[in-house]
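One structure below.
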């Protein structure tokens, strides 16, 4: 139901995405992996309506996604951005409430968030800007879920999270997906991302250079060499 | 060049000195001031009084004016620089106004609101412009030195600046000192050019004009500041044609607004304009006119 | 560890924010020229510890000694001046400046000329500027940033920004380098490169490195000693092998990797 | 400028506020001059030459005044200036006029320093005025208040940031105390202020005065008068020439009833009617709306015109000499003689009283300068 | 006299406060000081004046119309002046300069259009007073005071309690992030300008009644309002009101008991002193985030 057609985007002279096309079916998880600067975040921002692509279209069902971003949100497409973008001047709870801006009754959403991350309820009046890095990341994810999205864009959700929590987050993503929400996932933790993805593709220099199911890619020799470095160390030892 | 043009250019040069000062403070160190006309006033009145009552030469008068403005600037800067953003703006605004009020309240010394007359002559066109050029060179050197870079670092990100060992407070104070010194010089020269001073010459509107020119030129661009002053200071004079004079200030405001809307980072952004750029621009236009070699030329210049 | 080998001594340090005790009576000794890891769950107080070492926060109680001299209570820039450099978890670059300008600015600590040399561009100024230019260019080559030289720091990809921040910290010639999650946002291959890079830094520059990170491959690979914080208190300390096996650490932090 | 056309034209300059908050006065003055120049040219010009009027805006700013003056002298060949209408600008203008040796005559710049040097009282050679000076007006009001109105104690509220208000305050105090009165309380405010109750409350609490002197422009006068009455100050007011603005009635008609003030001219004099009608017809504007400025501009033009005719040629230096020797010249508002030592005019002053919405001339009054 | 000076101060202060709220509102959203605020004040007064002179002498109606039109004007200024910059994500200081440019331009336009004369509403009640404990208070002062209080309470409720207010506070930090939450940021900005402009228009209409109507009315008053909003703590609505009242009262007390000629010197020194003690204003929150 998400369809990206021949998308290209550049920042002035710097080309970030070149002619990217892919399709994602309802209820699927798609993982995008790639090196620093490959254009993953730029792609996510285009879909969310933060950037206006110079060429190409993005379709969500029959609706075309375009800036400004709030339109996408109203259609159920929500981005949890890289670098968190929490509102540092607002309290934890206000951050969550603002995340659910388009929802009338916010109580169920809040309850869900506090169930997901119990520490949040204790800290709900703390200024979000003073949270630890990882706490902010969790807040960003919880906030993204507040508007009951149909389609979630996660840009490096495990950034700065403790290993234990990373596992929890991966479980969480699976769980969210199980409720029928489609997910586009950008992750540096490629192994874990590929582990839960139905589909995956590799972005290099703004182009898709490889695609396939999550399982296929995690078995791909080239990918193991380029992105799953840990295996290499272990095998060398 | 006739005397009128020379007069306007001299005034442009004089104000440019103050604008350069504000540029160091606002454009390069990121501190806004809406009261720097007050420091011009200090320079102007000190220099005028010194030359008038003690018969020193205008040169030393201006020097004294500079010292006085700097001293007051540093004394006030020391406690106020801790303030952030608009809170600092208010402090400077208050200081500028207080300076003016003090001048107005000391009529026996300064002539109060009635102004001070018969100040010795001293700022000729050449004196002004030699000073301007010398100052621009000094400031350019400064900005390309460690000290200038540190000021810019303070503007960009205070915490990171202190984490690489920059004493943020000191550099703010330095910028304040330099800007006040330049405003002092500018005020002193204004006194010896106008030969008449009146506190209303140093109103908040004047402070705003200084700030406006800096930002219009582009924050963090010395050449931008120079170019903007060359345009904006004489603009009211340039707009002086015959029957539409009453629209003069409307145009002035309109032009300022328009430039910023279409060039939202000021005329030059934070870039410096160099001779090489000029060459490039000329080359590019030449090529566009010649048309022929545009293919090859563009590739080189991109 | 003999007293002489201790370059940084964190002594019963406490930090409270209102009701929250972010760091609770933590003592850590860091050996000269070691790579010391600090790990722990989110919100354990790791960044807060860094903030206290670099004078951004005052300590609520306890002291911090650098080469035997007490440094808590000093200002951030004074501490930097003494030779403690850091990177930030939320990257703090001079965003509007180019990569080169970011680096050149960081050279300021080693430039000794005065204000007047700067205004008059004396020969002292020129020679020092020239050597600073050279140092920066070498650094860019070393860190692999040369191709980005004229790009604005704020526009770089996340991982590249991290590298730039490390390079900037290194240019202050620190004797201790504090890295707050340098591998965040890097994939495993890039993390590996980072590990090698950090090891190299230590060898080439004779410095002590304290690193916070959640990438266990990096931490276990490069650290000599690891301190684990949990809820503001020290949970465990030991070599990577010891820590990996420590049941309490696994429970609180590491989890069991499938 | 074009040399050949210059010599057969007489080029006069007007400097005043065409933009900014004082534009209304500049407009009245410049319109008057436009009209007079047109009339003069219809009657064959001055010395048979066509008169050209150049108008320069100064926003009431001294720095702009000098810029404008340089432009006028250098580019446009102006041989004499009329204006500006504020003292600060007139003083600034004089610095340029002195340099180029060209005379100027201010319409309403009343400050002492406009025509004389502060230090030694020596005259500024190129500077003239058509109105009375602050010391003259201060003397008149100080003596009149004490001797004719029987006021022994006065309070003053004045604008510290305005040279005009300040000058009158000082001169009034001097004159008033010399004849035996006493200024018991003085309070100041700043240009632009609109609320004067704090000062007025203090004046009211002090209580010890027979009249409140308000040397200010009409807006402040109106607001002060209203606020003073609202606070329950019942004593009478004393005014100054700037009160002569019809708009004052709009703001504070009730509050200023019965107030006395001096002015160098009578805006209700019959001989002004013709001018007023012509002006109204031409510019669709009542010159009285801008107070006395239009009439003084008229006087200025007559003084300059007379001087050029006497000089016999459009030479600035000679015009200056002739202006200095203006004697018993019948101008629009009065017969004027310029005192060569001070460049102040000798002219009748009148005392006015506000009755209804009229400025009623009570009497002509010449102070006794020996007191 | 003390009581009289207190009343004087409160009434001056409430005028400052009414305008300061407009500054604070826009500041709290866009983090910049809207220097074009003054023109909306002036227009509010002129609209009321012309409405009363030409249409009907109903002051209440006049004020309502002025409030509405000034609000619209603010929206137009936002649309033509600020919107292009906000869309280009320009730094906030450039908005500041556009504001200055607009205020220079429009002030001079007003002078050309209406001349710089001082006008008085045909319905005059600026002189009517009532006595409270031996001190005189103007009816208009009481009106201004109560209107400011009501406006304050409404706006503060809006900001603190409503969804809209939450979005405003969020947008203050990051417009893009707020848009990502599903907020139509452009509409939000428009609404805030409408509210701020209406408040300014209201202030202008009341000021015109109190102090006559003239082209510089806005700029004369907004300066002090700006100071009030900063001293109270930028972005804090109660702060703006508190700042306005403190400024007004201290001005009148200083005039009454110290020296009227030195009033502003003392007033400014007091303000700077307040900022020393509380560097983010009286009710402003420090916005330092952790490193």
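Per-chain numbering from 1; labels A, B, C, D and E assigned in written order.
Just so we're on the same page, a contact is a pair of C-beta atoms (placed from the backbone, for glycine too) under 8 Å apart; a residue touches a chain by one contact, two chains touch by 3 or more.
As the structure is a computational prediction, the values presented were derived from the model and not from experiment.
Minimum number of contact steps separating chain A from chain B: 2.
By number of C-beta pairs in contact, D-E leads when A-E and D-E are compared. Using the average of C-alpha coordinates as each chain's centre, D ends up farthest from chain C. Taking the mean Cα position of each chain as its centre, D sits at the greatest distance from chain A.
Centres computed as Cα averages put chain B at a distance of 36 Å from chain D.
In whole angstrom, the spacing between the mean C-alpha positions of chain B and chain C is 40. Measuring from the averaged C-alpha position of chain C to that of chain D gives a distance of 73 Å. Multi-chain contact residues of chain A (touching two or more other chains): 130. Along chain D, residues 19-20, 23, 160, 190 each make contact with two or more other chains. Annotation for chain E: residues touching 2 or more other chains are 108, 261, 264, 290-291.
Residues 2-5, 7-8, 11, 101, 104-105, 107, 111-115, 117-118, 190, 194-196, 198-201, 236-237, 240, 245-246, 248-249 of chain B touch chain D in their complex. Residue ranges on chain C touching chain A, taken from their complex, read 17, 20, 40-44, 46-48, 89-90, 155-160, 181, 184-192, 214, 216-217, 221, 252-255, 257-258.
Those residues of chain C lying in contact with chain B across their complex are 54, 56, 75-77, 80-81, 85-86, 88, 92-97, 101, 104-109, 111, 113, 115, 117-121, 125, 129, 168-169, 171-172.
Note for the complex: chain D touches chain E at residues 19-24, 27, 160, 187-190, 192-195, 197-199, 201-202, 204-205, 218-219, 222-223, 226, 229-232, 247, 250-251, 254-255, 289.
Every residue of chain E that touches chain B in the complex is listed here, in rising order: 27, 33, 81, 84-85, 88, 90-91, 93-94, 96-98, 100-109, 112, 223, 226-227, 230-231, 234, 261-262, 264-265, 268-269, 271-272, 275-276, 279-281, 291.
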